[in-house]
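Labels A, B, C and D are assigned to the chains in the order they are written; within every chain, residues are numbered from 1.
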Amino acid sequence: MKKGIAIISSIVCILVGLLFGLILLCIIDPADSISLGFSPLILSGLSTAFDPNWIAAGTNLMKLGQEIANAMPIIMTGLSVAFAFKMGLFNIGAAGQYTLGAFGALYCALVLKCPWYVCLLAATLLGAIWGMLPGLLKAYLNINEVISCIMLNWIGLYGVNTIMCSNDKMFNSSQAKAYQVGVVNKSALIPDSIFGWNISETFNYAATNTGIIFAVVIAIIILIVLNKTTFGYELKACGYNKDAAKYAGINDKRNIILAMVISGALAGFGAGLFYLSGTVQWNPLDSTALPAAGFDGITVALLGLVNPIGCIFSGLFISHISVGGTMMQQSIFPSEISQLITGLIVYLCAFSPIMQEKLTKLFEAHKKIKHDVNKEEK
Amino acid sequence: MADYVIEMLGISKYFPGIKANDNITLQLKRGEIHALLGENGAGKSTLMSILFGLYQPDEGVIKKDGKVVKINNPNDANDLRIGMVHQHFKLVECYSVLDNIILGVEPNVAGILQKQEARSKIMELSEKYGLQIDPDAIVENITVGMQQRVEILKMLYRDNDVLIFDEPTAVLTPQEITELMSIMKKLATEGKSILFISHKLAEIMTVADRCSVLRKGKYIGTVDIKDTTAEGLSTMMVGRKVNLKLEKKEATPGEVILDVNNLTVASNSSKKDAVKNVSFNVKRGEIVCIAGIEGNGQAELIQAITGLSKQKKGKLTLCDKDISHESIRYRSEHGMSHIPEDRHKHGLVLDYNLAQNIVLQRYREPEFSKFGFIKFDAVKKYAEKLIQKFDVRCGQGAETIVRSMSGGNQQKAIIAREIDKNPELLITVQPTRGLDVGAIEYIHKAILEQRDSGKAILLVSLELDEVMNLSDRILVMYEGELVGEFKSSEVDTETLGLYMTGAKRDNITKEATK
Amino acid sequence: ACGSKSGSKASKKISKNDVALITDVGTIDDESFNQATWQGVKQYCKENGFKCDYKKPTADSTDARVSSITEACSQGYKTIVLPGYLFGDALAQVQDSFPDVKFIAIDVSKGDLKKNISKNVVCFTFAEEQAGYLAGYAAVKDGYSKLGFLGGMKVPSVERYGYGYLQGIKNAANETNTKVDVKYTYGGQFAADDKITAKMQGWYSAGTEVVFACGGGIYGSPLEACGQYKGKLIGVDVDQYSKGKKCEKQHGYNPFVTSAMKGLQNTTVSVLNDIKDGKWKKYGGNIMHYSLKDGDYVGLPTDDKSWNFQKFTKDEYNAIEAKVKDGSIKIDDSTNIDVEKLSDNNVKISLIK
Amino acid sequence: MSAGLLILIKFTLLSGIVLMYVALGGCFSEHSGVINIALEGVMVIGGLFGILTVCCIPKNLPSFLIVTISILVAMISGMIYSSLLAFASINLKADQTIGGTALNILATAIALVVVKHYNSTITTNNAQSPKLNYDNSLFIFNVGPFTLNVFIILGIVLLVLSYFVLYKTRFGLHLRACGEHPQAADSVGINVYKMRWAGVLISGALAGIGGMAYIVPSVQEWNFEVGVGGMGFLALAVMIFGKWNPGYIFLGSLFFAVFKSLANIYDSTFLASFHLTKEIYNMMPFIASLVVLMFTSKNSKAPKAEGIPYDKGMR
């Protein structure tokens, strides 16, 4: 019941956001707003999946594959943010942990020539370490994690870029970017097939691989950990009421650190999934912007109602409309409209507690009569 | 008619799911002290908040000096010269006393503060009524008593002539209470009219002229104090006769359960040590009470014993095991239960349901978990058992979100949890703070039962009545030291008061307590 | 009301002469590859009444680029322009999947492609080092002795400009036997911002007279910083003299002494025209390296209005250009060289990381 | 004075003032009890509309008017944008961090859509450019060897004013009371909702100007894809660093700004001989402030009620 209402309110947010997007497209160019703007935007990969031209070429699932590939890292950063949220921590540092994760994966893949699982482990580890730092600072020195995360994001980015630039095995100076994992070390690529099913081939998109299965499995594990285990119980208790948790003998310092470590590990893992998918290249020369996946994680977590399974769907949704954004006619409609819509949706999500309250009342008004009868019977 | 300053006629106020005030009438005479009595949740604070403009009544009218008035916000109340000292002080902690007093009615020129003017007026008032304050002290550094004086000055500074005191004595020492009573009387003789809320019948009996009683949001009646007794009032309040005096058998102390040896604890707030070299013990089958004025180190002492904070020096022994450096969990698993002072801060995770709160310390026990997974069925069953046994009232049984429960029932849930752990030592701090007489009676009985079944009980209370009623042995704490030890049967409240304020002290040595 | 589907479907259909461009990582107006080629595409389509559009890959990866190219092909575009060496791998993947689509790749060299080039593909590269050489040579000949090089990112074409610039400087310095100081750095981005402005202000105030702002819109920073010190600039890719108008108003002089140009836009337009005229054979399956030898594809602007040298004359320019053209001056086009090692008695080069 | 030092001072002032504006904004908002994590977004919006005004305003107006109007527009657009946060967090009692994060995401998107649309309307060639071109000469002037801009002057004035307003006026006393103990403020007749709105709007105004002050004086073309490059977040750090006090905030901004400037101009100073990369200097203020926070975090001066929605009905 409660969950149902939460989902309904999320859907309302999404619809309002999309409606707003449509209005905007109409303002920009009323004539083509549907056919060249809104329809590719919201259909995105689906429009090609059933297009006879694409089917004929055998590439009809490619765009869906791209959506999935792009969703993998943001589902993970979404999980990262959501997990910390449960502990009452706002992990705005997912971007930095993601950066370190990317570095770990690339270092193992390009320099040490390790196989993929080692690279993935390294990504996870480095992400975890970078998440641990704000955790330590929070637990022992009571430094607000938002601030330390912001600082560590930039320290991480500058540090990683400095190291990468100076390492010949990582930095491909003829392309001014990091080497592609798929070119240098094929063994570091995340496998394409599972149980004989070759995911990349199905989708005709090389970067779509078993990573998405990892992401889903991890989301389920996180769900179980949070809701079924003593660790999850402790964590949420700390998140709701730190003092009570301490009173109950729960080691809140340990839990803060652990939560941040796991949160960082998830972000790092996400970076691993993305950078070990084949052809993505890190650009160590660019120190002006943190990886967007980190901040998308916040969006994913919020839209997913801070629920691990919700994160899967919201991650796919956000990836869906951002691919859609690039499928609009670019010379008329800026692709950032999709970003604008997600921003709006998250803004509306902030109201969702109130909306849920209203919705609950609406439902209860229906039930009222039944309820009163019960009372009289008592 | 016109000798009523304030008339609240037919006032009703609804809150979601509850009618907090139901057609209440209250008439306040000029120059009287009018007490307002009622159980917890009877609607006293709500009624007063309506008079002060914090809430709007859903029905009914308010008259001031016979004229109907509309009080939309505290500013309107202020214009009508109505002032209020709130149950929970409304002071900005990081502001100075002066800033707090003038807040909202600052003398200013074009928005720029003119504090000098205010200062002289405040000093004048403070002298006139004997309300000693330091205008430049920061509120977070001053005592509760002084904070109360600041609240009173706030009203006087605004030239109010209807003064509302919502449970002003709950946090004061006996000496401060006496002082407050005389101030109130003085104000009344000057023609100010006072509304006075208290759960303490004795106070009402001494200071009030008349008393109105509320029960479950309804108006029961108004009586002249000189025509009634404390028992009469309490009967009016709860609707039945209440046993104000607890019946208890003589204690039969057994072996030592908790032994505190030369304990020193640093303070939470200041640089000085809060607990200085304290030694005592608690034996099986007795209730030992630490009495004292708030802020004399009791909180820190309990935090150190329970492990919530670290001690600086000293040794703690629980059932012959040295627990000085053990974790909270170790202490809890080895026979220590703790009913904390602040149930919302420490005692409960308000957003967890009742079942989850019931196993707050025990979720790891094999009974409730396996391989790190919680056995939710077992937890629920256990919670339901306790709900039955301790008569915890809650809407949806074990699944009730604790936040939605009333304070009294929240407290019951904590007590159920702590007692059912079957501890060797039960530490309880202010177990009845803010509860009504009915609930107090229940809790006191439960504690006594524990004693009689051979548990050691360490009680911290600021309420002298509770201390006298419940304990077998009383230790008085003053400025972090134990300054007196008494058998409860051999001491009276006056003597305790003298020790608590530091006017008298004995030398307590470890040996003496043995 | 909006989105009336009246715009007949037929008019939205892509016809065979329409052109699509897939952007590199940068934006469509990066004042570099993307912008220059896009302007070429637009100019061509406007002149001939064809439609054009561009697509932006969702990520900086070959997969994403392949996906965007596939999208354009499936929509029916028969001519697709790919600006930037990053398209090498993507091109290698798609060239044979769409044999009836013509791909025009700018700045993609054989090394980027790592594969044999198909008949439906043409690649263009330019001899940026020649333009850079001429700019460096001219600057020193004009009497400047404290020079700077501000590359956008350390990408091959920028490096070639830079290396050529240094060679030109050295040559001129040794000819005239003057002492020259060169500061050499990369901004790490193709756009101007406060950070790079600060850096440039540092340079100009410390005596740097002219900075070769080599990379997209990065010239904005030195342009902002130079006024107070009467500092000068060398533009890149296109004749950027007109960008100095604001400075002219503010400080009374145009800081662009010259620009090292390469003919991205012209090349694009002429290829597209040739395709339309059925002359694809000339290009298909080739990697075209355009240098001075092949025509005026690289060099400095010689219009009177943007000739901003004091001493250096057009005759001198023509002389040196001819030498480069006929190969009597050899200019090394390597990348990834240690620039500080190039220092000699007359020229001191310091690399700033 | 060496040229290097002059430039260091110049750029320290330039970015220090920006940080100060925005941190002061945050300071007002937090003193009223609302955590404004949307400062980054508000800066973008303020910068965007301020610059659009510079672009669109008739050039024949007196320059004083152009400067005033465009700064006013930046300020007002910042206020309007931050009112979205105020509405969500004060009236609807939404989570302030979530609301703020949403506004940050939205701001860059809005800026890009607006700029691209604007660019394609002023030019006929359908350019979807995310950059704005503008003329900043009116904002800049020289005093002796120093290049100053109007934002520095205005900033100093606003700094003094902020201090005065917060600590010497009735408004300030009320505002801070709302951030410390809104129930207390309410009980003496202060309208907490109004004060919080005021706090958020002031923060929007300051951050709006801050956004413009960040972009305009240093370049004449801005690519809105980078937003304001994390300056808003950095300002939040400066605010905490500055203990929510305008005086310390000023010092804190200068501290950060010195390192930020060094990162860019170290090669023109004596530091060149150390041969460190600019990334090291870039990292410095972050590392330094982490270290400082480690030593000062124990006694935080954060307003006690910040981040908690005020509900009149709550006890």
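Assume a residue touches a chain if its C-beta (ideal position, glycine included) is under 8 Å from a C-beta of that chain, and two chains touch if they have at least 3 such contacts.
All of these numbers come straight from a predicted model, not from anything done at the bench.
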item	value
Chain pair showing more contacts of the two, C-D and B-D	C-D
Distance between the centres, which are taken as Cα means, of chain D and chain C, whole angstrom	36
Distance from chain D to chain B - Cα centre to Cα centre, in angstrom	45
Gap in Å, rounded to a whole number, between the CA centres of chain B and chain A	47
Averaged-CA centre spacing for the pair chain D and chain A, given as whole angstrom	28
Per-residue multi-chain contacts in chain C, two or more chains	28, 193
Where chain A touches two or more other chains, by residue	287-288, 330-331
Residues within chain B bordering two or more other chains	none
Each pair of chains that touches, named by its two labels	A-B, A-C, A-D, B-D, C-D
Residues on chain A engaged by chain D in the complex (per definition of touch)	24, 28, 90, 137, 141-144, 146-148, 150-152, 154-155, 158-159, 161-162, 287-290, 295, 298-299, 302, 330-332, 334, 336-337, 339-340, 342-344, 346-347, 349-351, 353-354
Partner chain A, residues of chain D touching it in the complex	37, 84, 88-89, 92-95, 97-99, 101-110, 112-113, 116-117, 126, 128, 226, 229-230, 233-234, 236-237, 240, 277, 279-280, 282-283, 286-287, 289-290, 293-294, 297-298, 300
Chain B - residues contacting chain D, complex	15, 52, 54, 73-75, 78, 84, 86, 88, 90-95, 99-100, 103-106, 108, 111-113, 154
Chain C partner contacts - residues on chain D that touch it in the complex	3-4, 6-7, 10-11, 14-15, 125-131, 135-137, 142, 147, 214, 218-221, 223, 225-226, 229, 260-261, 263-265, 267-269, 272, 275, 277-278
Chain D-touching residues of chain C, taken from the complex the two chains share	27-29, 42, 183, 185, 191-199, 201-203, 205-206, 217, 220-221, 223-224, 228, 246, 249-250, 352-353
